[in-house]
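Take this structure first; my questions come after.
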Amino acid sequence: MTRLLRSPAGACAMLALAWFVLVPLLRVPPLILPSLPAILRDAFSVWPALLAGFLITMLETVLGFLLGAGLGFGAGAAFAYAGWLERAMLPLFVASQTVPVIAFGAIVVIWFGNTLFAKIMIAFYLTFLPVTVATIRGLQSCDPERLDLMRGFGSSAWQRFVKLALPSAAPVIMVGLKIGIALSLIGAIVGEWFGATVGLGVMLLQSLYFEQTARVWVLIIACGGMGATLTGAISLTGRRFIWWRPG
Amino acid sequence: MRRKRIPEGQGQPCRAAVPGSPALLELVRVSKHFGRPPHQTVAVRHLDIAIRPGQFVTLIGPSGCGKSTLFNMIAGLLPPDPDGTILFGGEAQRGGALLGRVSFMPQKDLLFPWRTVLDNATLALEVEGVARRTARARAGALFPEFGLQGFERHYPHQLSGGMRQRVALMRTFLFERELILLDEPFGALDALTRTIMQRWLLDIWARHRRTVIFITHDIDEAIFLGDRVLVMTARPGTIALDEPIDIPRPRDAEVITSAAFVAIKRRLLAILERESLKSFAVVPP
Amino acid sequence: MKMLISILPACGAIVVLLVLWQMAISFFGVPDYILPGPTAIADSMGHSWRMLGSSLVVTVEEALLGFFVGAVIAIFLAILMVLAPAIEVASLPIVVALNSVPPVAFVPLALIWFGLGIWSKIGIAALSVNLVVLLNTLGGLKTPDSAAVDLLRSYGAGRFGVLWRLRLPAAMPALVTGLRIGLPRSTIAVIVAEMLGAYTGIGQIIYQSTAQVDYLTVWAAIFVAVVASLVLYGILVAIDRKLVWWS
């Protein structure tokens, strides 16, 4: 039963059921929490824009994520093996994470204009650090006894990296990727606030200005759906390749 | 042809290795210090050992006497102190030259959990550069002999401890080198499994006939398996006794209670007990 | 003292970075609206320090309050869930669903519900922190294996005894990790919320300065926000050592 609830589908179903039943039952005012049918009606009324927005935002998120994850992995590998590099640069990277997203968003739009590329940059910026940190931690936690075993076979450093360090680090890197994609989504949405015409972030802003509570909830659900889909996609990929217990 | 020099004793006579065939592995005055004075520890001191090809040599000693350090040096993972030399095939080996030349099995099986049993067995071959298909074929042929037939596609966590040790042994045997180092491979097994594994190991060795150095802390195992037993002293480790075992092969289970066996065991016990007590005694500063 | 020495390389790197920045600006003649130099920013900061200062105070207040509220509620809920597993099962769908939605999607909702005052920001901060701390603490509380729990029970410990003596100390590392992740998130959440609608606060300043094309102030505000975040983070790291002294 717990397993069913823990699965995203199960949780959604339960939640939808509760929402559908409880809101009219407890007579919750629509300004606080609209009823499920009202939300569905609102979603349907704007479904072309909703769909287009969903796809655009997803595109920004995925592209930013791929860029951030790719470079993050490369940087993490470099930092893991060059200690001096890590000591000098890592604190800077951690500090860069505290730069509030919107501050960065304003700057990025100033630099790159109101383009897809700008949004991707913001998403990339947010993905980069978690993936880097996870890669470093994963690679450095490689079992030293297994390293010695490989050395005893006369292996080269590259062989040790590919056959041992990388598989060992995979579970940790996977966690970092999940964090990264969630942050990438945030970056995409906030990036859209600085001037875009299509996108979930844009619609979110509009619903705020026009105080459309039902629309806000539609978008919350849409964003949640995207977040769940993306994280789920990464989990599934991970499970196909990374299913072993550390031993 | 090198003659084995009688090493400086620790009060016990060492029998010289039989001269004649050239030694495959020779340690000349090999020591290992760790750290710097005044906190320096000496793991092993002035080891002089010569191993002939095809021998099965067992190495026994009290806990902490440096057995594993010795193995790490022979495998090329640790350099000996500068005043000692390790010779392999008659040539001195310097600075990690031994890496990849000796087949080393550490105490833990260290199987990779993300690889199947078959791919774990072929790990060393892969590193060597053997093509995957060839390596897998070679390993697959050994599975019946090692009692693992049918487990090729299983993963390590699905195997018992004894089976994982056998996979590690298979990995070690597939890495075809003249010298094999086995560091307490049966230490984690229960007594019953251990006796079965011992007889099975001798069987395999008789067929493949490599040179083996086998570390154990079990006297019965040391005498049962070996052509020759080396006894190490407590730290700093050195060779206290080098005893040939003239019990004929093949050896069956009853040999353990034979007179010859017991005589050797008595001699070993005396030395081992004395050396073991040293690690418990208070060492004067 | 040791802590101060350990941050020296990072400080050195920052100084080098600032110097290079200033030199590059002067050398390439980069216009102010693209990227001002550190001296220009410092100058701007000097001029508007009163405004920046008061806004920073507001933002930090909101972030800290939100952080505490969110963390306390999260820990309380986690303990509740461990003591009464039925609660965990019942609330699981909500937690899973909430976790999938990027926190920024809730900002319009918070603004509609709580208006433009500080409470909407505190609410968003609390939400961002809550989920992270809750999941981490829950995981930490569950780490002790059944053998350890049985041992305590054999001594006559009840559920509270087990909680107090075993689970809570075991959960501390995970809890503190959750807190460390949560604090920057609360700061960012507050600033993002301020941007969309607030009377004061660093986020609002950044938004207005961007609208008024006063980029120097934008950078000055960013700088102030970063420094504040770093200080808060440093405090947390210091507390971390105190709370989890045995790891």
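In order of appearance the chains are A, B and C, and numbering begins at 1 in each one.
We adopt the following convention: a contact is a pair of C-beta atoms (placed from the backbone, for glycine too) under 8 Å apart; a residue touches a chain by one contact, two chains touch by 3 or more.
On a predicted model such as this, the values are computed, not experimentally measured, just so you know.
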| item | value |
| --- | --- |
| Most widely separated chain from subunit C, with each centre as the mean of CA atoms | B |
| Chain pair that, of all pairs, has the most C-beta pairs in contact | A-C |
| Cα-centroid distance, subunit A relative to subunit C, in whole angstrom | 18 |
| Distance between the centres, which are taken as Cα means, of subunit B and subunit A, whole angstrom | 51 |
| Mean-CA-position distance for subunit C and subunit B (Å) | 55 |
| Residues within subunit C bordering two or more other chains | none |
| Contact set on subunit A toward subunit B in their complex | 143, 145-146, 148-155, 159, 163-164, 167, 170, 242, 244-247 |
| List of subunit A residues in touch with subunit C within their complex | 1-2, 5-6, 8, 10-12, 14-15, 18, 31-32, 87-89, 91-92, 95, 97-104, 106-107, 110-111, 182, 185-186, 189-190, 193, 200, 204-205, 207-208, 211, 213, 216-217, 219-221, 223-225, 227-228, 231 |
| Residues of subunit B touching subunit A in the complex | 72, 75-77, 99-102, 104, 106, 108, 110-114, 123-124, 126-128, 155-157, 175 |
| Of all residues in subunit C, those that touch subunit A in their complex | 7, 9-10, 13-14, 17, 33-34, 89, 92-94, 96-98, 100-109, 111-113, 184, 187-188, 191-192, 195-197, 202-203, 206-207, 210, 215, 218-219, 221-222, 225-226, 229-230, 233 |
